[in-house]
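Multiple structures are listed underneath, in structure tokens.
What follows is a pair of complexes built around subunit A, which joins subunit B in one and subunit C in the other.
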Partner chain A sequence: MSANTEARTQDVVWRRRTPMGDLLAWGAWLAIVLATVLSFRQISDATIWDFVWDAPQQGADLLSRAVPPRWSYASVLWKPLWDTVNMATLGTLLAVILGIPVAVLAARNTTPSVLLVRPLALFVIVASRSINSLIWALVLVVIIGPGPLAGTLAIALRSVGFIGKLLYEAIEEIDPVQVEAVEATGATRAQVLSWGILPQVAPAIAGIGVFRWDINIREATVLGLVGAGGIGLQLEGSVATLAWPQVSVILLLILATVVVSEWVSARVRKAIT
Partner chain B sequence: MSASHATSNPYAAQAAGWRPPPLIGSRALRWALLLGGLAWFVAALVTMEINWARAAEGWQRGARFLAAFVPPDFVSKWDDIAEGLLESVMMTVVSTVLGLVLSVPVAVGAARNLAPRPVYLLCRAVLVVSRTFQEVLIAILFVAMFGFGPLAGTLTLAFATIGFVGKLLAEDIEATDPAQLEAMRATGGSWLQGLAWGILPQVKPRLLGLSLYRVDINFRESAVLGIVGAGGIGATLNTSLDRYEFDTAAAILLLIILIVMACEYASGVIRRAAL
Partner chain C sequence: MPEVLPAAVLEVACLVKRYPTGDLALRDVNLRIGRGEVVALIGPSGAGKSTLIRCVNRLVQPTSGSVRLDGAEVTGLGSTALRRERRRMGMIFQEYALIERLTVMENALSGRLGYTGFWRSWFRRFPQADVAEAFALLDRVGLKEMANKRADALSGGQRQRVGIVRALMQRPELLLVDEPTASLDPKTSRQIMRLILELCTERGLAAIINIHDVALARQFAQRIVGLRAGAIVFDGPPDSLDAAALTAIYGDEDWSATLGQGRKATDEEEEHHSTVPDVERLAGLA
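Showing the complex of A and B:
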């Protein structure tokens, strides 16, 4: 009896996966490698490799032209920078205002209809998130003309989906007991929303908003490339005229702004949670 | 009787007048923040120099743009669209794989519990630079260095992937349970073995999640890099908008949305299958 079990345990070879699982894992890795190699060959065919081998020299050349930065140019940049920050901030505010109702409609526990309204709200969220703010800006510049208004709306349209998604997930995770308690007093739907649900997700709203604001500052720096206002316009002009000392001033200014905004955002989020 | 009832319950009046406590305790600070916010809001709007006349004209064009979605025109520019989309997808694949391969060592270097101080600082600097600049800014520089075409875009996305995955993975490595690594070391395992058996199993789910999420982001970003000449569908989209061919632009936007949705669905399936 005991000899029997001993023989059996010796025969068993420990394996991490079933044979089918092994095959699947191998297949997945093979597919990844194949896709990468094939894609790379296509990209390589579309590339002029002489330029690429030249790149370190080009890079060094760019750097030597960009240094020292032309600091006097900064005096022209304060207004575009102010516009950039305002576009990001106003756009984020607008996105929070628009994103809250979208999130309420998309969350399983607050949506008026799981079958009709929820898919629609989810589609709005996906559509908004899929389209980069720069593409929104392209579209809006064509529609309402160049300027910071197009940039602000582009930021807002891109951020609605982001805020909507994170917020509806937060709403789905709230404590139902509080909602029930408010409902039990005979409160209307609006009252349940403002006294049972909103207080629970208010920190989430603030946190998500500030998080997105930080991202939006970054995004707003390039919207000027397509004419939607902000510092990107100056960057485009400087690159087009090969004024590399000006480009380095702009990049350093952007770096400073982004680092400050990231710090502010981290501080605010820490204070909230 | 009723009057004595009301007086016997002094809490009722108090409850009716109850307000939730304010978020900011100090009244002066509250007003200062409110007024400051208002002042900024007005200043921001005033200095924006919005051309309202031009914006008002936009309604018509906006309506025309929305009308172009029913039906979008997939046919007349299909060759350009297909080529651009395929290029975007290929850039996504190569940049994600390349970015991941590079971001893992950077993440290990940027984890305070694994890397020596100088390496840590260097890797953190790489992450900060990569995360600070929007992809398009990097693309402009890379186009200047590597020439026009998808390679510049691919390298841009790979660089951005390093910043994103590297930072989040480094945070996850720092949060791992040190006991497992110590156990590996106690058995005489080398540094690499410690990494492979002490750290990797703990961060694997996070690494997979980040990779899948980054595929998504890289595809979405690849759609804009064409605007600065770095390859992908962006160039086609830009051209169609410039020529007011809204129905073609609508077709491209819908395809982008569809692909992103498919990506999200697939990543959900993969996550469930692998974990």
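Showing the complex of A and C:
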């Protein structure tokens, strides 16, 4: 009896896919390969290959002109670098202050109206996120003139959506029973927000804020390209005048700043639980 | 005033709750609870026990019927008046429902939110009398030393004590208690039930206690109400809860172990069931 069962068990064939599924899988692979080949041909046609074969020499040439970095130039850079960090920090702070109410209005469990207010808040978030801070800066420089104020606002406008989105997702994941418990004491809506919900999302607010600040430091370094203040202005000037030793100083300084900001944000995120 | 019997702290009449999904959670529930009366509400999961006590403080909106607290109708109230009535009903939850990231003291004081303005509560500047009362109550439940610890640093039994303190801080007339012991071990469960009962007696508080554990209900409550599929099918003193009554509430089962062998045996059996880890129980079966 048991031998019989064993024999039958051995006869049973198992395949990962049905024969039709196998065919479809092979077809999909073929399509991917074909698309790759065709795309490469198109890119190749649009490329001047002489320039590409030349690239190692050109790169080496540029590097030789960029080293040694002109360290004396750094003395001019401290002020714009300080502006850059301040733009990122103030912009992030502003975005957190604006992002919290937007998130409360957008989260399903705290919005006053799912049909009216929530779509509006979601639209604000999408609008802010879909426009790059460089483009925000371009627009703001036209409206309020060049300088760090335009950069700060550009950072803030871009970050509101980012912070609003991550925060409203955090609000939707809170423990609803803690909120019920605060409601059951006879607390007002404002007290339910500040006692039942805020303590639960406080670590998320700090974590998201620091994460965005870290991204904003990097974004702020290029805003000067369009005149919105910060070290980007010096970068653009140096590239335009082919002052490569200055460019290398700027890039090294930006690198150092970003490393420091990464370290700070990692420390903060580790500290909050 | 149509009331014939005096001193009912809670009167539920013809209460119906139908959820948007179409589920009829409560069908025509009538319940009257006297001042200082402690009622255990038993019944199978999904019978509507939780819905019933949440309809009383309107965490759940009843579909129809009336809920009267001290003669005053609660069902039709606007948000301001509702908040005022909620202050008179303390609630204790199954999973404690403390604000985990706040301290024990803040959790205790949160019972006073209904009496405190927004900015005072934001800056934690509660009246000195409230702070003194919180300390006294924490001392009463044996947690005075824990006042500045975060709620999530406490054990289950300690957390439920904080939950009790928060409810009492409201100086309520009625306690709504939702499965207070479901997350606790048998010994802690009994301590918590004893504590709730003592405090109710000390303060002349009425209470509705939802509870799964029939033995605990029989041991501690003065009156037992059985709910099945949203309707009350039993209402009487613990002694009259016999096998027929349990069958009416929960359905057919051999109830002799729950009833026949007396309280002590039942307790021991409970203890055995809940404290032996799953692995050992499985090993025992093999």
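Some observations on this one:
Rule of thumb we're sticking to: the second predicted complex is superposed on the first by the 223 of 273 C-alpha atoms of A that agree within 3 Å, B and C clash if a C-alpha of one lies under 4 Å from a C-alpha of the other, contacts with A are read in each partner's own complex, and residues count from 1 in each chain.
The criterion applied here is as follows: a contact is a pair of C-beta atoms (placed from the backbone, for glycine too) under 8 Å apart; a residue touches a chain by one contact, two chains touch by 3 or more.
Everything quoted here is computed from the prediction, not taken from an experiment.
When the two structures are aligned on the shared chain, A:109 is found in touch with neither subunit B nor subunit C.
Once chain A of one complex is fitted onto chain A of the other, the partner contacts of A:194 are limited to subunit C, with no touch recorded for subunit B.
With both structures placed on the common chain, the touch criterion links A:226 to subunit B but leaves subunit C unconnected. Note on subunit A: of its two partners subunit C and subunit B, the one contacting more of its residues is B. Shared interface residues of subunit A, touching subunit B in one complex and subunit C in the other, are 199.
In the complex of the two chains, the subunit B residues touching subunit A come out as 20, 41, 44-45, 47-51, 54-55, 57-58, 61-62, 65, 86-87, 89-91, 93-94, 97, 128, 132-134, 136-137, 140-141, 144-147, 149-151, 154, 220-221, 223-224, 227-228, 231, 234, 237-238, 241-242, 244, 249, 253, 256-257, 260-261, 264. Contact residues on subunit A toward subunit C in their complex (touch as defined above): 175, 177-178, 180-188, 190-191, 194-196, 199-200, 202-203. By the touch criterion stated above, subunit A contacts subunit B in their complex at residues 32, 35-36, 38-40, 42-44, 46-48, 51-52, 55, 58-59, 62, 79, 82-83, 86, 89-90, 126-127, 129-132, 134-135, 138-139, 142-145, 147-149, 152, 199, 218-219, 221-222, 225-226, 229, 235, 239, 251, 254-255, 258-259.
Taken together, the subunit C residues at the contact with subunit A in this complex read 57, 59, 83-87, 89-91, 93, 95, 97-102, 110-115, 118, 121-122, 163, 166, 170, 176.
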